[in-house]
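Here subunit A shows up in two complexes: once beside subunit B, once beside subunit C.
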Partner chain A sequence: MSDHKILQYPKSPYLKTSYYEDTAIQAFDTPFRKKCLVIGLLFWVCFPFVASSYVVHIANLSAIAAIGAMSLNLLIGNTGLLSLGHAGFMGAGAFTTAIMTVQFGLPIWIVIPASGIVGALLGLIAGLPSFQLKGIYLGLSTLAIHHIIKYGCSEYQYYGGFGYGIVLEAPSLGPLLLAGKTVWFFVLWISAFATALLIANLLRSKPGRAWSAIRDRDIAAEVSGIDIGFYKILAFVVSSSLISMQGSLYAYYTAVVSVEEYSFGLTVSYLAMIIVGGLGSVLGSFLGALLITALPYALIILAGLVDLSFAVKEHFSVIQTGVFGMVVILFLLLEPLGLVEIWRRVRCYFELWPFSYKPLTIIKR
Partner chain B sequence: MSSNIPERGGGGDSRGVMSPILEVNDVSIAFGGLQALSEVSFNVLPGELLGIIGPNGAGKTVVLNCINGIHPPDSGDILFKGRSIRGLACHKIAALGIGRTFQHSELFQRMTVMENVILGRHIYLKTNILTGGIFWGPGRREEVRAREKAEMIMDFLELTMYRKEKVGNLAYGIQKIVGLARALAGEPRLILVDELGTGLMRQEKEDVARFLLRIHHESKTAIVWIEHDMQLITEICDRLICLSFGRKIKEGTPEEVIADPEVIESYLGKRSHTVPD
Partner chain C sequence: MLLASIVVLAGIYALLGSGFVIIYKASRILNFAHAEIVMLAGYLAVSLAVAIPFSAASLLAVLCFCFVLGMSIYAILIRPLAGYSVLSAIILTVAVGVLLNAVGVFVWRGEMEVIPFGWRTYFSLPGNIRLSSIEFATLGIVTLFYACMGLFYRFTKIGQQMRATAENPLLAAQRGISIYRISGIAWGIGFAAAGLAAFLLGINYAISLQIGNIAVAAFVVALIGGLDSLLGTIPAAFIIAATEQLTITYANPRLGDAIPFIIMLMVLMFKPWGLLGTKEELDRV
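And then the complex of A and B:
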């Protein structure tokens, strides 16, 4: 008699058997998702060598925008604090970079953390009104800080004798010279992924939960033992520190720092990214950043396909702005939860196919 | 009055010698011209289940808000474990071991049940921006430990099947229990329960009563419970307090309080009626 053989069924990839496993980010846990990850990585590594320099440039700008969108989303989407001063923090990072490299000749690995510290300090100041103010009032106080930073930067730029912009030399990280779009593609996207991981980690641990609690019900959060003043300031500090480092990267990448770039319009485009992408979602920030950054370039490519009259070509930037506004309005009307909700629905459809009995849960707004 | 619930009074054998866990001394508070509370005093003994009744607008929730620190009282003092907590910030009072549930749940709607309950353990977690951001080693271990505790509480309150649901999508009755779970997760020595049974159906109210009695008997946590359902509160509580127009009009055993003519008058306005059993 042979021993009774117990059938060993393979464990379902969806089944978690420990709380430790359940704390993992649920993005690359099933075999299919792991395959997608490998294919995605291969595509990502090959991309800058295959795509044209112009497309790589757009991808690089998207990576920068994604860092900014994630940091703004952390503040607006996750903590529920409105900031209209993020272009100012970005500018502060860029000008810190310019001053430290042009005047003191410091290397990149000192400059970027230093920009982060400058951003953190500015965030601390910007966050102080959040003790008392909420919503649009807080937004206005951060807008004031944006203008103060911008004033300081423009004074430096014009009285420092830099004219239309401070030109930076390509930095080098050890033996590697950070020049050329391909090198920057890897630098920027690795930075973006690192930022995403950092924010995702914060969101699944104590600070992130405290932030969400403050966003949803601040009094209940306080009664649960959360020092809401501290956590609001912390959100401001983390967010502005990240966007300041992003501003530093942007300055290095474009090699020119000029105060005109860090206008209120930039904040609005970051706001558009997180609204289009999905508030409070890291993936949403990425998707929104990609869409909003690529949109004007996509319009140029589209316009190249059709024969446009001279008058249209002359006012093309107006059309770009109009389409940008249109996209934001359409998202607000048709899909207020953003691209990430569309992505979730698509995923849900394929997960359930060919059955469709499971109701789609809709997040209350 | 049915009194077939065993061990009424929890661990209150030596009640005479026990010092109260919470003392509310002559607390008054006014909002604008409205005197919401005038010189309300009462004590809560360790492990006691104290009910607060009173008509709408009597100031019941305001009492809890004063204890929590949401509204610091204008005059009077509140002592918790013999220490004055008047004027302390909300989160510091919570850290001393006072839990709270709200009348309208006041949950974090876009977080899951599990996150809501783990959030209740906020005061015990030491993760900071660095360990949380890395989420490797200490940060993650602490998260797993918090999750284990939260699972115990969700198991106790029969919420495990909803753990990954967004709270905003849940039925009202379950949301109320999630609120209780969040308060329990902080392992408080005193829980302030605000109208847990309101808006629930019979079955859910019985669940609520069962949960509160189990907390009362098993963890010996003191509970201050506001409730409008007379049958529910009189059958379970050790002691009752009746508030009316911001004043304490009666304190005593449930039988005494609901038989009191002034209490009946505050509810019904006439002396000829009796409170239905």
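And then the complex of A and C:
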């Protein structure tokens, strides 16, 4: 009888008794989280109406960056396949958008899925070498594909007669004209959250488990009956199709498509986001995207507070680049698991607060 | 004229590619900061050539600077990452490149500069080929560098230890070779090769921010030759230089930028370990 009574107490949210509970997305399982979610949602809805248009612009760029970082993180952090060509896939999406809207005048709800299909096909091609190649060699083959895509795009831009870029008109979704930063804020952040949900669900179902197995040891995964060729290609296809759609959104948002933008430097900034945020974590992708996107703007605000000599002001973009490099180096040396690890430590501290037990450390590669 | 330019470009590509190979052999890390090292060394050479009239002294100073820079980057940044995945090291070198690029642009303003190199006379060779003295000097320096590296690997103690480390780091360490010291020296030599290449680029063409593109093509050269084969960079450099120059001359300059990567993709598909590289490389992730 007394045993029965003990079971009546509310269960701790950290006690997992089944596989289903362990894999559930923990967003609304405790009263505290529910409150946080409601407050966060209210804040999110009010944000673009309260903040200045400059800040909303930064938030929009962060949302776009978060989609890209999540898709790259899926490939690198969760599957362990190196890609140095994601700027190329993004450019392919942007140019698909440009060609379809400028030349054929198609609406946005056809163009974005079409960009996704183009990205998926390119990802299929980029994934084929992964049957044979690993590590850095695979990264180099994707880098080669990036340059080939870039060549195709620059040929189109040159022969099409678009000198500095292809200008797009604001698209309309049904009766709603997608123009202005406030409208885009909702479109972009809803896309980012939808991508996050998609990736989180993929990661906790069969493909995600297969990807983790391949990342941890590909031979052991193959012995366990996972078709590693299929799942590697699937990771490439999903990742490049997502980033291609993100490129399409980015093209619509900035309203200009130019091949110079999709250089290797863009891939580097996405790599920086997932390193700074935390490999293999959806939350990490968001945190990294926010930090790396906001960093140059934060530096401008900081520079406004101190008096700078003219020479420093003149080359401010160089200082922004230098600080970006420095941040990535410091994270790699001091906190290789990224911002998400700092977040976990803070959370552990408060969970265990009055007690002096050391939290269990998760050992990750 | 075309043949001469191909040969000179191939020489510089081979030298640039050898920097990647020397570093990769010793530490299994592909140095993505190579292009920025070339840029930085080039600008330093320009400044020194103005300050010191005698160009051999300024060249020596640039090489010493690059050597020390390579060793310190290895000791301070790369060595603490030993044991982490290859990805971390690669991204670290990319970030180092970004930082060095910012430093270079901040100090030298990213303008286009030429290293003054005194005499320039033309020699006519049989077969209607004209080579300038600078091009002769370039080819001479590249040949000398390869000869020195060959002798270094074959006969000196450090060179032999470097080969042992490249073949099997664990066994080498157990035989008493300090693999961190060896890798540090290899990074120094690789950076010095980049400095030498920057000097040659500066006297042949010009130093500018676009010089990084040439270094990227050189990176393709290292891969096609085999990432751990110094000898392989020579035929690979000729292949890349010839196809690139022929495409730029007879087809389209934008295709000229892409063609090294098309060749690289084909090599990766059919012979991923390169022309003369070691085959079992691929199993190391």
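By definition in this document, the second predicted complex is superposed on the first by the 339 of 365 C-alpha atoms of A that agree within 3 Å, B and C clash if a C-alpha of one lies under 4 Å from a C-alpha of the other, contacts with A are read in each partner's own complex, and residues count from 1 in each chain.
Operating definition for what follows: a contact is a pair of C-beta atoms (placed from the backbone, for glycine too) under 8 Å apart; a residue touches a chain by one contact, two chains touch by 3 or more.
Please read all numbers here as calculations on a predicted model, not as lab measurements.
The superposition on subunit A brings subunit B alongside subunit C with room for both.
Contacts of A:Ile228 after superposition: subunit B is touched, whereas subunit C is not reached.
Once the two complexes are laid over each other on the shared chain, residue contacts for A:Lys35 go to neither subunit B nor subunit C. Legend: residue contacts after superposition of the two complexes on their common chain; A:Ile275 is shown touching subunit C, with no touch to subunit B.
Once the two complexes are overlaid on the shared chain, A:Asp216 sits against subunit B while remaining clear of subunit C. Of the two partner chains, subunit C is the only one that A:Ser141 touches; subunit B does not reach it.
After overlaying the two complexes on the shared chain, residue contacts for A:Lys206 are found with subunit B alone; subunit C is out of touch.
Residue contacts after overlaying the shared chain place A:Arg345 against neither subunit B nor subunit C. Judged by the touch definition given at the top, the superposed model places A:Tyr158 against subunit C, while subunit B stays out of reach.
Centred on subunit A, the angle reaching out to subunit B and subunit C in the chain A superposition, using CA centres, is 80 degrees in steps of 10.
Closest approach of subunit B to subunit C, taken over C-alpha atoms in the A-based superposition, is 13 Å.
For the contact definition in use here, the subunit B contact set and the subunit C contact set of subunit A share no residue.
The part of subunit B that touches subunit A in the complex is made up of residues 68, 70, 89-91, 94-95, 100, 102, 106-111, 115, 118-120, 122-123, 125, 127-129, 131-135, 139-140, 142-144, 147-148, 151, 165-166, 168-169, 182, 186. Within the complex, the subunit A residues that touch subunit C are 76, 80, 82, 129, 132-137, 139-141, 143-145, 147-148, 150-151, 154-155, 158, 218, 268, 271-272, 275, 315, 318-319, 321-322, 324-326, 328-329, 332-333, 336, 365.
Chain contact summary for the complex, subunit C toward subunit A: residues 30, 77, 80-81, 84-88, 90-92, 94-99, 101-103, 105-106, 109, 223, 254-255, 257-258, 261-262, 264-265, 268-269, 272, 281-285.
Touching subunit B in their complex are the following residues of subunit A: 19-20, 22-23, 198, 201-202, 204-210, 212-213, 215-217, 219-228, 234, 238, 280, 361-364.
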